[in-house]
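First subunit A sits with subunit B, and in the next complex the same chain sits with subunit C.
Then we have the complex of A and B:
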């Protein structure tokens, strides 16, 4: 085990989990929300491929949250498209530079009486398949495992429904099913990966908002796309989960966002919940040692 | 486009990433708007003003592609002195007959002279210029609610992105077509695109995004009453073959009309068709006028139509005036519904709103309903034709379950059984059925007819039985057969060309080996216009096809849409016919004169140039002309009075209501509300209102609202959204628009009221498409009344608006009392019977493909 097993950058996440050399390259998702059209094909393809349960028709109700009626990731929703309607300052959407070339700004929208324009953000959320996955770290049964592709999956036949993982996820992704009590989440279509296919959501995405591939390559692609958007004046664009130095050691599923993460319902600075585990063990060990020492001293003192 | 054609929208996303500007003009802020370079909201029904002002901008600023316009359009044609333009007729052209609400186009015919300087006051170009002069940015502001600065931005972008070096494409869907002036909306766009030189060139054109995967295919070989295959018109009652052929132009490629028609008749009637019997031309059905969906619906109510087949159509939810549709279905002897799931049109007698309201009583409905399960597209072979006329074949993945069968199987075996029953008949009226070629091979246990065999028949055969490879091989002497001339070549060499799937990486960017496009696998129609009159590309950037003088032929990236060896310098001999009558510089080869029609002398029922009229229901009077609404729209006024634009109306129904679709559902919902994974994505009917309207009417996000029009009251959840922006109209104040997706009904996993119940039956006079994109309504918080009280609410509103308490014909004998109800409505200001008796004679001209729009969109 390397020193970075619980926190910080980790070069070879599968190797760290014990896969021998020659295991597959780490794969992931790059979700570019700037080209998401909110069609929800990812949600449907995911449910179809993974055989997620049909909804209870009696419970179906409009949420009133724009076009989002899925509401959140859960045991039966492993992809979730968020829809965010915003009032944004009106910008000149079409202008010309000196050479007469058209410059398109980020914001599409009309203005209301207050001169504010409307922006409609859409983003398909998914399990982040963290480099340091709290869910996996806390699982007492070994139901949660790191795969040879560097992804994190739950083995339903091992899960005992203790739900430690639910509270350990910094993103609120993993969730227990009410009927069987077990925890479920995105597997990045482990069965498809084993068969050499891309995950169902990425396959179904019409605009390539969801891109699947080798994580190192996706990070390069994402940087290029980010630079492109910045060059076009869309300065609010940023990557989320792409940095190995972040609190989860970088995500296996990362995003290009057009606004602050919290706008999309994502934590701004997620930290793996087991980050402090070594320190805690050290402190606990220290405390135990101190206690033992104290007891020893007490006994020693009495004898003295 | 992102909303209803998300898969196709990937190309727009890619184009935008490569630097394309994407402008979205729509009353509604959709998923398309979210990704567009700019979205500009507009008032539903103001399209001709918006597009007309762009034409005016182009012409007033001298931005037209002059060389293109002079060479390839009828801009130089001279009009007769007695032609009166709508500009001088206050919205009416010469030839209008108020009694019949029709036009006589005698005064619209060009004189035959041409003015290539485009300066004579009576040449089309100058008439056009004057016609659109009043369509100013200020008018756009007043009619559409688009501010002049926004309009200027759009117009200047359009001009900058057109010309030799660049092209602009227009993409539309039923938001343009479903209006009483729907055809003229497309016409206005055509004029604009032609003036800018954006037709027949790569990156140009006008793309119709159809309402279903194969609506284009169902127009090419139509399920429409006024067309035969390949846009041949349907014969009129009493018409001989020679008279029929005289209706179709002699010059241009329609000049081969006899070959097209006779080959089709040989495909239909085989050996029974001979020169001696006019190739069984007499067997073809004849039309006497309007036989469209809505006329037929009224005829059901009148007891004139006894039986009805519904194959993949759900009029109880999908057609305008849902109550009318259901009353009609309840008055049939029999009804066959063939669909993937149980639909409202099959259960109207049990669960329809009229049962709840007491207007219909189940026990008294005599309609015998047969429900037949249908095969889905993965359970049968066949082709889809997309907006680019591209046929793409799909193969059956598995057999349909149980008794489910393809429509092809149903029609074929029904025909086979009818023919068996008639086999011994000597009645001449049975001959057309008995003489049909009806011998498709069947496959498998389910005896599924071979779809490939049907495709081969459509493609056609030469005299020796070999498959045709091009429509130019067709003969008018009965030696060739061809089910649809435009499709000749789809089975060239005995190979199903539409099944080709060569990846784009392995061929040119035009991808001629992916599927097959009619006609002749040409991917861009009229692509002769991509080169200048001398045959040279207009620019390197937009080079597409060009004349290779050394080789003596047209060459380039696509199949040339002109005779391959006809040089640009070719000039026709006097009296020449068909394509020989066109010069080598005539790019629009289906037109009789080879020219794009800026001005349309014949073929349109509502005028040679587009004119803005207010929708039949509008909060505004026409700001452009004295004539308020379309003088020729089809309204069945004697039967289904639409509210006139009376003063009391605006107070009663103050808001515009528009209908549309969501990505998550498909049309009338039978393919999406029945599937859990789709139903849950949009589980309830909702209305989209602006924060301003919500405040004005006390509507709460997530709560209920009742929407009332002159025909119905429905309830919907409320979605308050700033995406719905009220329009500021100078002199009128704020106009609110209520948006309603129309996918719900009483069947399926998720149910809700049917939005189309709200809409009037007002139709475009050319193709009988209903005006379902705009009407007027009121909206108030809370759920609608139940039972008879719902009708009472509609009645109260009608009385308040001065419309009379009754509307739409009542059911004869299926209602609560056995008394036959009142027939024609007692509308106080209804005009005398002025239905569309003139019929589609004016549409018989085989104009550009487009055809009647299908209604269930």
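Then we have the complex of A and C:
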């Protein structure tokens, strides 16, 4: 335990969890949504590798939300590709010139009667593997643990389905399978990591929108990509979850987005709930004292 | 300017097809509100039993001990039924984890249940009196903790209406503990016809109602967006009913000596008010997790 165990930047997240020196480097995902084509290969690869069940397999479930029929991350969907259709005056198209420089050009894409074109945003969401993970903090059984890679996993043989993690996650990622009674979420393919392989989703991604690697290296890659997009004029591009100073101490899985986080169904500025835990216990102590004082007052004085 | 335009336009925010950002809690009704109510009842009843013993009121000692043990057992049953894997309840005791209010709470609940069961058994059978008294004394420590910790349990989540209420919730719950124990005391006095110990229960009801309604008032006068589910919708409505029931129950309790009917009605109002407040808190939490505006607008407001 160090002074920033509950909140703030944390250099060695596995070390803070008790792994001795020499543990593997922290790994993560950098999901660059600017090159996502919405193919859902990540969703399929994840379900295949992890053997995720589909209790509704017999039903044709259509959400009406563009091409997104997965709808959300959950106990059986550990990657979720969001599809956002936006009406814009003009669609920007990125390409590289002869010198390899990223350039922006206006699209000749179709416009509707009102002269509006449709911009597509696609993004593959996943568990953030937070530096300060609310799910892990609140788990009463020790089922949720930090791995030697700095990721967060649930041990299914320990979880008793209390569902505290479900309410503690500021991203709405982890959920309980109601037929099975336990909480499930992305493990960043812990079994594959142990075997020296990259996670199934990153392996399957055809455009390298999902990049897997050492977290410190991914942050450098992401900064370079962001600078390139800004230089080309895509000013709306921003990194999400890449800052160790943010409310969760930075995410192990972070993103490059092309609009506000809430457009993608992400919270704009999440904070790990445990930050306020000491203050909460102080108020609970006050309340417990009030109870004792209330009884003392009621029983004070002579018997009637 | 027309009347319609005078209204403040609804705040605009973007979301992903209006879907929740957070998972709406898996904690259900009636399990969660029932557990909260029974836990606080057990906590305050245990302290009431000890205070009755110290001030020479043997009838109220037994009431306190038996109610504390029964409520703790019933509360534990509701809590266990909430688990996805109830047979794994004992996994709660694999570890003691300071960052998990549920871990702390499980240890408090198990200790409190053991102590109150021993104290009640001793009181009912008349055996091992000194041991029963020692167990009861212990439950006077675990009792207030059992009543107060669920405030931290709920607040230590990402649910906006709960997290933002970490000041009010523990006070609401320990205030509710006092009124619940008072209800038990008044009801038992009315049913047995033993009026000797009515006065402490009456005072307990008044003190508890002041605390409980005070916490409800704190919730209601908050103007931040994430407190809105305590003012509007089902949560807001239930909270208003809860406050009315608790206040009238405490006042009606003052007539308990003259009328058994008044005593029973007072007990019902006090217990009903406390229970309604727990349902209100649950529903406010659900609403604040369901509507993404509570997450987006509260977080976007942060610099």
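Keep this in mind: the second predicted complex is superposed on the first by the 257 of 304 C-alpha atoms of A that agree within 3 Å, B and C clash if a C-alpha of one lies under 4 Å from a C-alpha of the other, contacts with A are read in each partner's own complex, and residues count from 1 in each chain.
By our rule, a contact is a pair of C-beta atoms (placed from the backbone, for glycine too) under 8 Å apart; a residue touches a chain by one contact, two chains touch by 3 or more.
Keep in mind that what you see is a predicted model, and the values were worked out from it rather than measured.
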> In the superposed arrangement, which partner chain does A:127 touch: subunit B (first), subunit C (second), both, or neither?
Replying inline: neither
> After lining up the shared chain so the two structures overlap, which partner does A:239 touch, if you call subunit B first and subunit C second: first, second, both or neither?
Replying inline: neither
> If you stack the two complexes on chain A, which partner ends up touching A:40: first (subunit B), second (subunit C), both, or neither?
Replying inline: first
> What is the contact status of A:60 with respect to subunit B (first) and subunit C (second): first, second, both, or neither?
Replying inline: first
> Which of the two partners, first being subunit B and second being subunit C, lies in contact with A:10: first, second, both, or neither?
Replying inline: neither
> Per the overlay, which chain contacts more subunit A residues, subunit B or subunit C?
Replying inline: C
>> With the touch criterion stated at the top, can you tell me which subunit A residues are shared between the subunit B interface and the subunit C interface?
In response: 63
> Which part of subunit A faces subunit B closely enough to touch in the complex?
Replying inline: 35, 37-41, 43-44, 47-48, 54-55, 57, 60-64, 66-67, 69-70, 85, 87, 93-94, 100, 102, 104, 108-113, 118-122, 206-208
> Which bits of subunit C are touching subunit A when the two form their complex?
Replying inline: 13-17, 19-23, 25-27, 43-44, 47-48, 51-52, 54-57, 82-86, 88-89, 91-92, 94-95, 97, 99-103, 106, 140, 143-145, 147-149, 151-152, 155-159, 162-163, 166-167, 170-171, 173-175, 177-178, 181-182, 196, 198-201, 203-204, 207-208, 211, 289, 292, 295-296, 299-300, 302
> Which of the residues in subunit B end up touching subunit A in this complex?
Replying inline: 2, 6-7, 9-10, 13, 16-17, 19, 21, 24, 29, 31-41, 153, 157, 160, 662-664, 676-684, 686, 692, 701-702, 717-719, 721-723, 725, 749-750
> In their complex, what parts of subunit A are in touch with subunit C?
Replying inline: 6, 63, 65, 71-72, 74, 82, 84, 134, 137-143, 158-164, 166-178, 180-183, 260, 262-271, 273-274, 276-277, 279-281, 283-292, 294-299, 303-304
